[in-house]
Every structure is written in C-alpha cells, then in structure tokens.
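Below you'll find the structure I mean.
The chains carry the letters A, B and C, assigned in the order they are written, with residues numbered from 1 in each.
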C-alpha cells in the first residue's frame, strides 16, 4: 500500500482556503521558516482513496468478533456519535461564558450524578483523558490526602502482580514506590501477603475487581479493610467495571477513589488507540482534591464551574475529552439503570458461556464462574505441541476474528484472555468457539499451519526485531 | 430500556443452563451478598429508546450558544476543518478499532500513524515524533520528564506559557517530587537575561511557548542559546498552524517540540478530545513516551508497520516506565494527518498567513476605537488590548450579536483571529464595540 | 550452548573475564541470551559510575521484555563498549565476545562459579 507521500505530486492541491480579504502583513524574516514543510501534495480524490485503502486494512468492532480481554470491545452505538457531532457540543469554545454553555455543563453534571451513583462515589472529575491518566489523577488524590495530614511516611502503593502495567507505572509517576503483592492460587489477592505488606508506610492499594483473571475477589471487603486499618486508601481501577456496573459498586466494596474508562464500560469507541476518557470519582474528603473545574448548581438553578480550594491542580487543559463524555452520557441515558445492569449481567453470561464451550479443550487459568472475561492457559499445549498462545491468536485472525489479549496477565505464561462483551450474539459465540476449538485441535494435528498463521491477512507476521534494532520512524524522500 | 444485547430471552436461558446456573444471580455468587445491588438500590432512571436519547442530547446541545463569529483562542482555536477530513476519519473501522497491537490486521491505523509522525516532523523540523499524547498540556509535562534525570532534577517553565499548560506541568512535577521554577517575563515575553541567571548544571528542561500565551513571538534563538549554554534541553511548545510560516523548533535548535494539535482538524468541542504532539531530535527518541510506529517487513518481505520500541512502555517496563501512557489520541492523530495532507504545504502556509493578516487587521481596527495593544513586538494570531469600557459589558454586547469576543484577562482582552473570520465579521465586531463605547 | 573455561559465572547468568591489573570485562552468557531471545537494545552505564556486586548496571531489551544485567563484582566502570550499544545482536551471535563494560579496581569475589559449576547450575535450572 502506498504511503500518502508516495501519492504526492509537486504542484497538486485542492483549494481549501479563500484569498485574503484584509490588508496583508509580514513578519520579520528572522521569525520565518526557510522552506515550506514537506507535506504531501495530493488531490481530494487521492485522499479519499488513500483513506479508503487504509480502512480496508483495519479491523474494527464493525468487522466482527473482538474478544480482546480487558479492553471491553463492545458495540459503539451510532446515536452516541450523532450526539457528539451536534454543533451545540462540537462547536463550543471551552472558554466561552458558562451562561452560554449550560447544556455542556449539564452533560458533565448528569454524567457525574449517574456515574457517582453507579460507583458509590461522591464527586467526579472528567479531566483525565484516558484510564492511565485517571490512575495518575487518583493516586495524586491519595498523595494529597496523606500530605495534608502531614503523614510523609506513606510512600508505598501496593499493586497485585496481576495488575495492568499502567498501575505500577502510574504509581511511579505519582512519586510512590511500588510493592508487588503476589496472587493467591485462585488469582485473588493473597491476604496474608497483603496483611504483611500493609503498614505505616502504605499510601494505598490499587486493585482491579474483577481482576485480570476475570475473577471477582470474594475477599474484597476483607482486602479493603486490611488496607484501611493500616491507614492506607483503596484505589479501584475501573478497567473491568463492565462486569459489575449496576450490580455492585466499588464504593460499597470499600474503595475511596475510582477511575472509569468511558471507552470500555460506557461504549465510546477506541478510535484505534484513543481518544478515551477516564473520569475519576472520589469519596468523602478525597473529593476535595479533585483537579480542574467542577460543575456546581447555583441557587438559581443555573450551573457554574468551581475550582476546589485544595485541588491537586490540573492534569490537562480544560475539562477533559468532553465530546467522549457526551457519547458516554447518551449511552447511560439510553440504557438507564435497568439496561446497565442487564448489560453487565449479559457480559458475564457471554464470557461464561464461551468459557464453558472452550474449557474441555484448554485449561482455564482460574476455576469456576468467571466475570466478564476469562484466561486460557496454553502452557500444557505449548509443552506438548510447541503451539503457543501467539500461534492460536494469529490463527484466529485468519478466521476473520480479532485475537484475544495475549500474554496477559503476566502470572499466566501462555495466556489468552477472552472478553466477548454483552453485545455479541449466541450465534457469534457458537461460531467463534467452533473455530477456536478447531485451532486448538490443530495444535496436535497440524502445528505447522498454526505456526505460519496468519496467511489471509494483508501482511503476515511482521519482523518486530528488525523494527526495534533499526528503527525507521518516519518516511524519508529517496 | 435501551439495549444493545442481541440475545433473546430464550437464548439467555439456554446459555445460563449451559453455564450451569439457574439465574443471573448465580453468576455473581462471588460477590458478597451485602454489596450485591438490587434494581431498587440503584438511583438511576430506567433507560429510554434511541429516539428519546437523541432528543435528550439535542435538547442539551440546544441549551448552548454556538457563536457564529469567534474572536477568542487562548488554547482552543476555531479553524476551518476541510470536509474530507471529517469524512475519512469518521469511517467506522477507524472509529471502532482497538490499539493496533495485532499488526497483521491493523496496517491501516499503523500506516496512518506513521504518516502522522512523518508530517509532524516535517512541520516541526524535528527528527522523530511519537504517536500522540492527550493534549498540549500533558505533552509539555511529558517533555519535562524526558529531560529530567538524577543529574538534572530542575525544570524551568516560562511565565509566558498558557496557564493550563503551566498548571499541568506543575501537577506532574509535584507528583514526581521534582522542583519547578518559573522564568520571569518582561513586557509579555520571557526575560532572557533573568532566565540565563536562573540556569545551572542541575536544570533538565527549559520550557517555553511560541507564540506565547499573549500571542507574542518570543526571541526563541536567544532563549535556546542560553539554555544550551547551561547544558539544559530546550522544549518548545508550538502552535502547529503557525508553523506554516514561523521558524521551526528544528531550525531553532530546540531539543523537543510539543504542542496542542487541536487546530489541525479537530473541533473546539468544549475542550476535547484534543491531540498532544511530541517530536524530538534523533538522540532523544528513546525517551519519547507512549506509542511509536516503525517500519519493517513481514515474513514475505513486504513493507509493514508495527508498534515498536515497546520495551520503553508501561505494559513491559511497569514501575520502571518513564510514563504511564497507554491509550493516546490515535484518531485525533489520524485527523491531524488527514488535515495536513488535505491542505498540503501551500495550504498550511495560506492558513497561517490568513490568521496573521486577519489578526493584524483586527488589531489595527480595534486600536482606532481605543482598544490599544498592551504589548509591542511581533505577534501571530493573538494579541492583548486595553478595553476603554467595562470589558464584561463590551463582550456581552458582542455576544448578543452572536460574536464571541476576546478573553478577558488581568492584562486586558486577549483577541484571536483564525482564517475563518472574514473582514465583514471583523468590521461588524468593531462597529458594535464602537457603538457600545459611544453609548 | 558453550561454557568457556576461562570465564567465571554468576547465578544471574553474567560472565566475568579477568584481563589483568585488577580489571575485568563483563557480559551475559549464552544461556541468558538464549532465554531472552533477540536483543534489540542495551542501556549502558556511564564511565566512572561505581557499581556494586549483585546490583544492576545495565539493561537489555528484547521486543517484549526488559531485563537487568547485574554486576558480578564491585568496581568502577572504566570502559563502556559503545560498539555493543549500536549492535545488540552481537550479544545473541557471540555472547562471550560481547562484553558490556570493563571494570577497574576489582577484587574477584569467591562466590563465582567456574565453567563446570555453571553448566551444572544451568542444567538444573532448565
């Protein structure tokens, strides 16, 4: 496929901008660039065809089954997109007077109200632009809390070894030292290890529940109690909220701070890697430190922005990825309390159904009922046949499916993590299971075919070693 | 209630039976009874149809004023978005794809990011760009982290950067337990002598903006020279449209260029989603945070693109990663790439010239009615003026006519013109202000 | 898999070569490179840095992992093999020629393994 630069022809262009209708000005030469930027020179036809070509080599939720664990690749409703594209939202300047943006403030206010009710938090900020950004924000709230109490000894954040990599990375960015807590055999937190680690130097615990093995930690109340009794705070990583939203609240589990991924649980699209939105909610005192502007209702019923006196500050410009929040609110309104409950229940049902279909053919990393996702452990298959999790995942691509998440969590060495979501039909799950079972059987009968997969995709396996050893990161004119 | 669940009631029953539970409650057996919610525990109204949802959202949108003339910037700019840009980037495949970890079925996204990286380098004159961060403010904070190490713990930020950017950097540095110093300003621009006096061997980054928060052009050459003399890195935050005309960070010798990419095809959208772009000199490329796309070949020797240098990132390096960024603003990066390809080298220059010319025309017309410039010296498309009458009243008057005037600040009114504003619109705004002053 | 007799080894799979004058060269073993897979990048210390026995002084990256390289000895980094930083594949190709650093002021500790002991150790681990 040609690069846009390879479609470029000197002198070719489209007329986007009008002639100047005011007197012209010039800047002193010393401020001007020497040459025009070397951008592509293409026609609109070129552009239209270029992006059409690119779109054929992308796999979206609109293309088929997308069981990517921990990513919640559910269907992204069209009505959300239409709402966000309304000029009454898209055309707003972030610094226009709040009296002229009451509808926008209402979006934030309603989102806060519903999401607080769904999570058991008191207040929420929409400034974080993604989940990891939310984690960083939440940890800064914890930092502020201890700092204002004058408790400088609390420098450590406890993170289970099954956690997403963003958790320990966020803790480091927030100036904490990470203490890894081992998992119990069932994938849950090892309570003894937790109790030993929690102490006067504990700032808090970061936890995903259900965890990355797809297991709801049945000791959750005990876990948060241990941390609280040691004087620490509990942070809920909302990456897996789709399993429980409307059925259980992080606040009731004992968490003090949560982040939510609008681009997972609340159906906003992933956009090939973003933009997401990562609202952060906080309970009680913690809410006093939220960043940026917070919407409040004034006595006359109008809405206004207010900054928290003890705020941690700001973690990006303006009010976060507002148009993403518009989409999430449309989803929340449409599903409502009943629909959100139903969605998570069916996310769990779909995962369990697929698990039960696959379990006879491959070990499941954690026994029993799972939540919205489960992990296959291919270690035994690898040992016996040489077929790895990667081989099965790549072979799935050849069958018109997206691969599950590979090699995560790290505590399962040959992991394939499946999260079908509630928006897949029984037929899709049945068909997918049949294909995956066939592939698992091929590990014994035709391993070579699996090793060489994928064969029917635009490219075969890329040479990642070459890419990293001799990085080519931009196109250069020959 | 609205729903997107395809399973029918009988299918659900069949599936529950297959799983071996009698009801949904059986699926939540691990959840302690005392925290398992019933419908009535949840104070969220029942769902509604799609039609009603659309109506609710339209109702909220209708509560907002969409100004037909916008003379305000301050970090968010009302530029024209070529129709083709919105059209191609709203394709459902692009919208609904995940991060391109499965390269075999993600070449479209990967190639678009590779093209974006190349275009950002062309625009900024730098060698390497990443696949984006959240916005211009977080890009600035990430750049500070790139330059900080145990020998260079200090960060200096110019007093003339936009307040949101400064506050964001401040928060990130506080998080990391690192110190922040503010380089003072003189007459709306960085006081270069004072900056030179603050520098020392312990400084990692000096961060400044071009044009700065007051719209003024800094003496970038002198600043960068002073910074390099002290052995620190120069981080330059730039407006991407201005680079159609202005000297690039690359030409000026900056080590890192960052900026807010919103002007490149993204609507103002009440503040987001936006696009933080980051580009660096070759010797710093391993320090860039987040995703980077690289070129390679596949098994059959065909050209292919992959996410590369991943061992820098959080999912591998965990607590040792220098940034936690995971999701970025990929679709916004694709939008910027499509925008830059749509306007091309001549178009970006044209857009920059139009911004420059219109802003200078507005400044000249405003000066005639007593809104005099607060600062001297060259500016791009923003400038500050005095206000001969009560600023709030003047701006309210403009608003009555569908015009969003400049931003009222402690220094005066900060005005902005993009290419979208016509002479007629400028004349209308000035006429209204003149009438208001005379009233 | 080879285990040159002239080298000493650690349990974390580094090798040490004594080159006289209290100086040594350090690298990672054939077994280590095999376990790590294709290496794509090496992060080196700075010349003049003090290193302590058992502490990490460098990092090696494969496409999907980062691993620390621990110093088998206490000493001062005298020379960094800059060439290796440019060609990390040399570690995979010729692990016992691909030295990372030269350390000075080194006293050899007694707990290092000789080639036979290390071979047994590796076989037990595998």
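FYI, contacts are C-beta pairs under 8 Å (C-beta built on N, C-alpha and C of every residue); 3 or more make two chains touch, one makes a residue touch a chain.
Everything quoted here is computed from the prediction, not taken from an experiment.
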Give the identifier of the chain nearest to the protein's overall CA centre, each chain being represented by its own CA mean. A
Considering A-B alongside B-C, which chain pair is linked by more C-beta pairs in contact? A-B
What's the chain with its C-alpha centre farthest out from subunit C? B
If you average the CA atoms of subunit A and of subunit C, how far apart do the two points sit, in angstrom? 39
Between the Cα centroids of subunit B and subunit C the separation in whole angstrom comes to 44
When centres are defined as mean Cα positions, the distance from subunit A to subunit B in whole Å is 20
Check each residue of subunit B and list the ones that touch at least two other chains. 309-311, 316-317, 320
Multi-chain contacts in subunit C: which residues touch at least two other chains? 40-41, 61, 63-64
Multi-chain contacts only, two chains or more: what residues does subunit A have there? 464, 468
Of subunit A, residues touching subunit C in the complex: 407, 464-465, 468-469
Using the touch definition from the top, list the residues of subunit C that touch subunit A in their complex. 38, 40-41, 61, 63-64, 88-89
Within the complex, subunit C is touched by subunit B residues 286, 309-311, 316-317, 320
